[in-house]
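Below are two complexes that have chain A in common, paired first with chain B and then with chain C.
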Partner chain A sequence: MASVDLKTGVARDFGEPAPTAVWLRAQADRAGRLIARLLVASALPVALGLLWQVAADRAWVSAQVLPPPAWVLQTSLDLVSGGEIVSAVAISFTRIAYGLLIGASLGFLFGLLIGFSRRADQYFGATFRAIATVPSLGWLPILILLLGIDESLKIVILAKACFVPMAIGIAEGVRNIPPALKEVADVLALPPRTRFLKLTLPAIVPFFFTGLRLSTAQAFVSLIVVEMLAGTDGIGYLMVWGRTLFQLDIVIVGMLVVGVAGFLLDVLLRRLEAHFAAPELRHG
Partner chain B sequence: MRKYLTMLMIAAAALFGVVPAQAEDAPEAIRIGDVGFGFGKPFGVGLLAIADAKGFIADQFKDTRTKVEFTYFTGTGPAINEALSNGQLDFASYGAVPNIIGKSNGLDTVLVASYGGTIIFGAARPDVDIKTVADLKGKRVAVQKATIIHWALIQALKNAGLSEKDVTIADLKNADQLAAIAAKSVDAVFGADFLLPLEDKGIARIFYKSSAAGPSGDGFGAFLVTDKFRQAHPEATQKVITGFVAAAHWLADDKNRDEAFQIWSRAGTPVATITRSNEGTALKGKYNPRLDEFFKARYASAIAFNKEQKLTRRDVDLATWADPSYLDKAISGLKLDGFWADRDAAGVATN
Partner chain C sequence: MTLEQVQQKRAAVLRPELRKDNGNAPATAALSIGRVGKSFSLNGSPREILRDVSFTVGKGEIVGVLGASGCGKSTLLRLIVGLDQDYSGRIAVSGEETRGLNRDVAMVFQDHRLFPWLTVAGNVGLALEALDLPGKEKADRIRHYVDLVGLSDYIDAYPKQLSGGMAQRAAIARALVSEPNILLMDEPFGALDSLLRLRLQDELLRIWDRNNVSIVVVTHDIEEALYLSDRVIVLEANPGRIHSVIDVGLDRPRLRDDPHIVSLKRQCLELVLDPPARITS
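And now, the complex of A and B:
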């Protein structure tokens, strides 16, 4: 009985291609493409992992300097269950959040200022660009003396790292508002508020997200280094501590955490960028 | 063509180690590592720096092909452990805490002599009321963790009736310690004589000097050899240690005191500061190379400290780690029997 039902069912499906089948096929294609992409993307990490295992097996470098993958796995499990990784990541991400909140907000406002006002750009632009060329970490020695080694030091360094790409992005965005749109706004004599909300903001959205992504990437890099140089906690410090204890497996776990976190953050922000920026561009 | 073939064969022979037994105990080079300080080229500030500058170890290899190379590591402990692990060093001299960490992680080192002592200082902000170690209660103290100075701080706290929980420790490197105390981020800092100039600048006041509390408060460490090297070159190993003892003997003579300070000042600390740091300290006693009961008691205390602070995962057995045979041979070879005091666990001379 069941086989008959099945047969007829199948026959009917083949007879008139239901929309669900097309949808399923499309989904299968998408899944296939995704799997293919994942395979291609993971080829290099897998090859590196194999090379690592071989190097450890053949003792090309001593186990203290390059611990075998199994040690690193064990150490990461220990550090996760011991809570060290979680608390280090929490501390580091809190710092990034503060840095981003302060630095990117100020960068946003400053970008609007020098984007809109030619005079402001003439006054502040050169100084801003000069400051921007000094890497955040170049400020470290002097900032340590001014601020000490407390939380404020890290936040200021991160805020500076976030400020620059955001300000550049927003200023660029403001200058790139299509002149035709501005003329329309002029003709319509839009009040400043409406003009800002309906014209300026939508026009700079893509630039905002690019700025945000670059800011976060900058903050992330600066954070790890500042924690390594002048930190007493966080993921960067965990790596330095691992080196001090001559347990390079801790250092490698730290590197993996940083790599994975940075990658996920980038994916997330690219998604956000694509989601918010693309439609605006199409309409614009 | 034949010439090339011969050369090729020699190269192949060298590669497979069948080159004639060219006095198997004459290594091409002996690589010695030590802790260094200073900008640009770092220099040492201990016994090895004397042995290097005055050529005591090189003299032992005068008529051989062996070259003695000294490398001073500003990265200190971790860098020396890494170099030993990579086979870049045959001998090294560094603080007890990092060399216990190295041993516990599987480095094949053997302790052959004590490197003597390091005087540890405590400096406090002048505007904070810290006159003794006991006043540190509730204060923020900067120290570089997992070093012998970290051990000295915890020891000083214990001697003053405090524990680690009574203070907040900030783990900072030397340069950052100076910045942190200048910026008033910390109340006090523990370190070596690099802290003394802070007092002249009015940034901090020295309130603690380990040598004032008797010999057991000073920092300490050892001169060690890799097991691989001593197995392959027992004679060369003996010669290096004989040179090391000769350097300690030279240093023990008070008339060489000023010259020794000159040698150490190459690392960037002015002679005046070194003089002040060593005020009232006899260098003979400070740089006693013996692996006596006092040395053992202090290493036992550092091993316990490393475990307590979770710096090491595996135990280290001091009895099998230290080998005093080279040192004893060097001392009797140089006719220096009884020259250095044999100290008991508390640091009191017994002979």
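And now, the complex of A and C:
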């Protein structure tokens, strides 16, 4: 039988170790491809930046409404050195973390419940879907009356926003466990604990990550709006404050921060997903 | 083999009489199926899948179940293993009537059905989860059975890294590791290319020789059924019922082109392709 390097998988060439020159060339190729990809991806932002600069130079829009990039850069440096941005980001991210932790965990459990139990789905499914269709912010007026505009309001709104996509994803994942593997688990008489750990959990990993990514995206959207409408701190509040002072540069800085943070978080979650969803990398 | 023995074997011809044992099989039978019937309703109209199927499998015997597709062969295995408990008649394992999943019965499916996120060892070990074994013995057993199917070098490989034949071997190890008395195989080599199929048939016989497990192997491959089995049960369709039982009655190792097998094959072909009216003597 041919020997296969189990660490690297069958697809990888095995046998002779690659000479250093070949390895170096491969690394250079990889670096080249990475640079090319970055260039392609940054073409649009750079073009938009240039357009912005030109628009400001030619005064197509008044500087009050669309401050030139240099102002925005200066403002962001000021906000960073003054600590406003850092504290706003810290506050907003803490809220997202709590919202995700509470909402996504409850959504996970609820998803398991309605995924596994047809009866639970019959009891709760319709109500859940009805609640899910009302956007989180539709709950804001009534929740403000109930909870005030304190921290609990934001956490509840964010938790609700995270709960829905996670519950839907997990329920979907549970219903998509391959029937062939469920039959094997039946025939092998797997104890419930083993069945959960070695069949259910691994099978729903991709659905979990989709749910988590959607939850995070929802959390961001809701966070900014709730901070704008009912906040005294955080990035959303910073942006409203900037608008009230007619300092649109502050608003733009806030938008940039949210955009970059959301993008980085999405990249991180995709990385995690790729890691956990590759069967070769998982241990049973 | 003496000439006399050879002649005796040649004389063991097709026995088309219908076995009508009414479920009172001797208690020594590893498996006895008594007048098993199965039907379900399809869009409101009842459909009969199996009717009055009775046979026994002796300890260490290999019984082939042969039939065209749609004759209920796979359904029969699902009833025996307990995946489907809605049937009439009785099924007894080692003399004890059983309905539902039974630890003494293992099953190999046509597709390997390995868990993609577990290694070969992890997959084989799944079958021991229900047994309360100390860790050391568990690991030893897993290694033993992985060795037995010739996958020692791949014990830490994931299913994706295995070829089709290797994956099916791992599935066989998973079925055998709990040391069941009865192994059910549902077209176990049907998805493999023909050369590999021949090799795995020989490997199965080698494993069987060491384990003395009773095997019921469902197949639509006549040669496979005759080469592997002590007896071959030929099913006819609509509803699925036993048409005839063929005693192969040859010692092992067998020659694939043994004249006896060749002549049985011709008769089987006639039975399967062009089933004559049932002979009710």
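The rule is short, and it goes like this: the second predicted complex is superposed on the first by the 261 of 284 C-alpha atoms of A that agree within 3 Å, B and C clash if a C-alpha of one lies under 4 Å from a C-alpha of the other, contacts with A are read in each partner's own complex, and residues count from 1 in each chain.
Convention: contacts are C-beta pairs under 8 Å (C-beta built on N, C-alpha and C of every residue); 3 or more make two chains touch, one makes a residue touch a chain.
From a predicted model like this one, the values you see are computed outputs, not experimental measurements.
Legend: residue contacts after superposition of the two complexes on their common chain; A:V184 is shown touching chain C, with no touch to chain B. In the superposition on chain A, contact of A:D29 is made with neither chain B nor chain C. When both complexes are overlaid on chain A, the residue A:P202 reaches chain C alone and has no touch with chain B. Of the two partner chains placed by superposition, only chain C is touched by A:T194; chain B is not. Within the complex formed with chain C, the residues of chain A that make contact are 1, 3-4, 6, 9-10, 180-181, 183-191, 194, 198-199, 202, 279-280, 282, 284. Chain A contributes residues 61-65, 141, 144-150, 229-230, 232, 237, 241, 243-247 to its touches with chain B in the complex. Only residues 77-78, 81-82, 85-87, 98, 101-102, 105-107, 145-146, 170-172, 176, 179-180, 182-186, 311-313 of chain B touch chain A when the two sit together in their complex. Across the interface of their complex, chain A is touched by residues 81-83, 101, 103, 106-107, 109, 111, 113, 115-119, 122, 126-127, 129-130, 153-154, 156-161, 174, 178 of chain C.
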